[in-house]
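Going in written order, the chains are labelled A, B and C, and every chain counts its residues from 1.
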């Protein structure tokens, strides 16, 4: 930990994530084509098409670059939803304690035990696949571990001198929670947030693979699914299905590394 | 005792919640509830449709429907698949066996290899090999399981032709089964081992740091063998909970791996059901999978309660 | 009629564990006590005897198991919002643990101005108020832009007192205010507390396990032992 109380973030994680963010924000810098432009189908990689073309002639490299923003958005958006719900529930539970705590935690425990992926599959199968529905479902099913961690930290913070002072002086619970407790929660919430992002990205890829994704938005997962169903696999077009998969792995690794470094920042002594 | 009671109640509530969710979801979703309950793209005449409609009893009040639903459940009647023309329950039974077999083997193998490798890696945390293996472990645990399976499939099945393409066996001999299941089990094991590896490694490193200073001071009593055993013991307890919590996640991963390798287990059943919108199968599968996972968690919790001496001491 | 008075009546506190075999832990029972409007009462006792809990209940931060805390003759639990807010402001508490006495994520300035905002003091006047208070507690305003980890324990303590004084309380309950400070700083703090008392005419309930410190500060001393309050034999000089 350096002086200002910021964790020393993992270099590689940041660099990787930065690269992906660039791909997401300024895709035209990396590729001169449009992802929907059509050329000759099933072409092998060449100097004109770095990763060849798919079954309807789109340039795969371009698809890859443009897919970044979708996969990252799904990841971060779900994590934001999950974090928001987790914060609200964890804070309320930890601050008010007593019966409120018992009920909320009981509820959280039950939700924790329900296996998510089967539930997501069945929900996604009934609902028409759409990217925002996917994000919503993923977010709403991942808040429990955040809630638990927020609650236990809130219980701790609640007993510190400054929070007790604040209660004593008559600040409203809302003020105390937002101004005193939440800023001191970042250390525990940040790694969980990153974890949630990573999990959401993997889940989205898996769901897209079995056809429950949103085919109109070409995320990396959808690319792999198309490769599988439109003959890319049989034709051994590894340049179609490997790159998106590798991208997913790399993106998740970068997020995981950053998440771990938030955790490490908390520990005082570390002899590696 | 109080804790155990609380936990048991929560498990029961959870199971009940799942049963209720299973009942509620098809009825709450957009679209014609009859279609939701029998599956779309089903070719039935209008007469049969009406017959089904009255059989299912959508016109009756909700609590009656729920009661019928529960009644059927107790009789292990999970509905009928109009796509596959079979009882959902019997379909699930057949498929579940294979899935459990392959998941079970993988979890055990993964727990053993992952834990052992993780402990070694944590103990010798500075060596190059340890760091390299950790990187590999990280990469594997960050990959979507089906993608890992795809890579293995393309390399070992298509390119090298070592392993067969699909199905569980060519002839019903054990050798054939092993030949077919080998690759999926390997992939699944890698996946579950990588998670156990990382956790065990972290846990051993932590323990090592906490005991090291203590023992370094008491140099005379410093015995690597005893230290190693002691650390292993302490670090293994959280592993049991981890395996329990992970069971759901790993089981879900297994479904995808099955799909990739075209094995005749729950995975392909679900995949086909999704394609054909065969909702009764999906519902039945959800119920069975969810309850299996919860029971596995419960079992692990009980085991943990028996093994962990700290837990026993506190109940006085 | 009752003007200013803060007292407890038959205050009891106990904790119970479990519901298979109920174990009740009695901390203290049936304590009736009054904190004077001016002057200091000392409260001593071994650790774990419940002195801090007692203090917190009087400050309204914890609920007693039975009994009442009476402010201006009325049970604080029955006070309506406006009156309760008055109680909150006029009865303050200072906690031990200088490390946790200020929010580590807020600058000193923020920690102080939020109290001024709570009192609805307009921005223009805030600067002078801060200057006054800092004068009072003996701090220079160069620490305003720092964070708690950048100042010493003694300085943190002073900021805490400063924040409390902004509310102009009638009573301050001090829970081991000097236990975590070293002796030279301790002496400064005690003198500061005495100065504040003579200037603002506040009543103190001084809780500490350190006998010499309690004797220095208090006119009357009580000891909490075995769940009851006994008047100490040794009076101050």
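Convention: contacts are C-beta pairs under 8 Å (C-beta built on N, C-alpha and C of every residue); 3 or more make two chains touch, one makes a residue touch a chain.
Everything numeric here is computed off the predicted structure, so don't read it as measured data.
Here the chain-to-chain distance from subunit A to subunit C, counted in touching steps, is 1. Located most centrally within the structure is A, per distance between chain CA means and the overall CA mean. Put simply, the C-alpha centre of subunit A and that of subunit C have 46 angstrom between them. In this assembly, the C-alpha centroid of subunit A lies 22 Å from the C-alpha centroid of subunit B. In whole angstrom, the spacing between the mean C-alpha positions of subunit B and subunit C is 55. For subunit A in complex with subunit B, the residues that touch the partner chain are 106, 109-110, 113-119, 121-123, 125-128, 198, 202, 205-206, 209-212, 221, 224, 228, 233, 236, 238, 241-242, 245, 248-249, 252-253, 256, 269-272. Taken together, the subunit C residues at the contact with subunit A in this complex read 56, 59-61, 85, 88-89, 92-98, 100-106, 111, 114-115, 118, 147, 149, 160, 163-164, 167. Contacts from subunit A toward subunit C in the complex involve residues 5, 160-162, 164-165, 167-171, 179-180, 183-184. Against subunit A, in their complex, subunit B makes its touches with residues 10-11, 13-14, 17-18, 21, 25-26, 29-31, 36, 125-126, 138-139, 142-147, 150-151, 154, 158-159, 205, 209, 212, 248-249, 251-252, 255-256, 259, 270-271, 273-275, 277, 279, 282-283, 285-286, 289-290, 293-294, 297.
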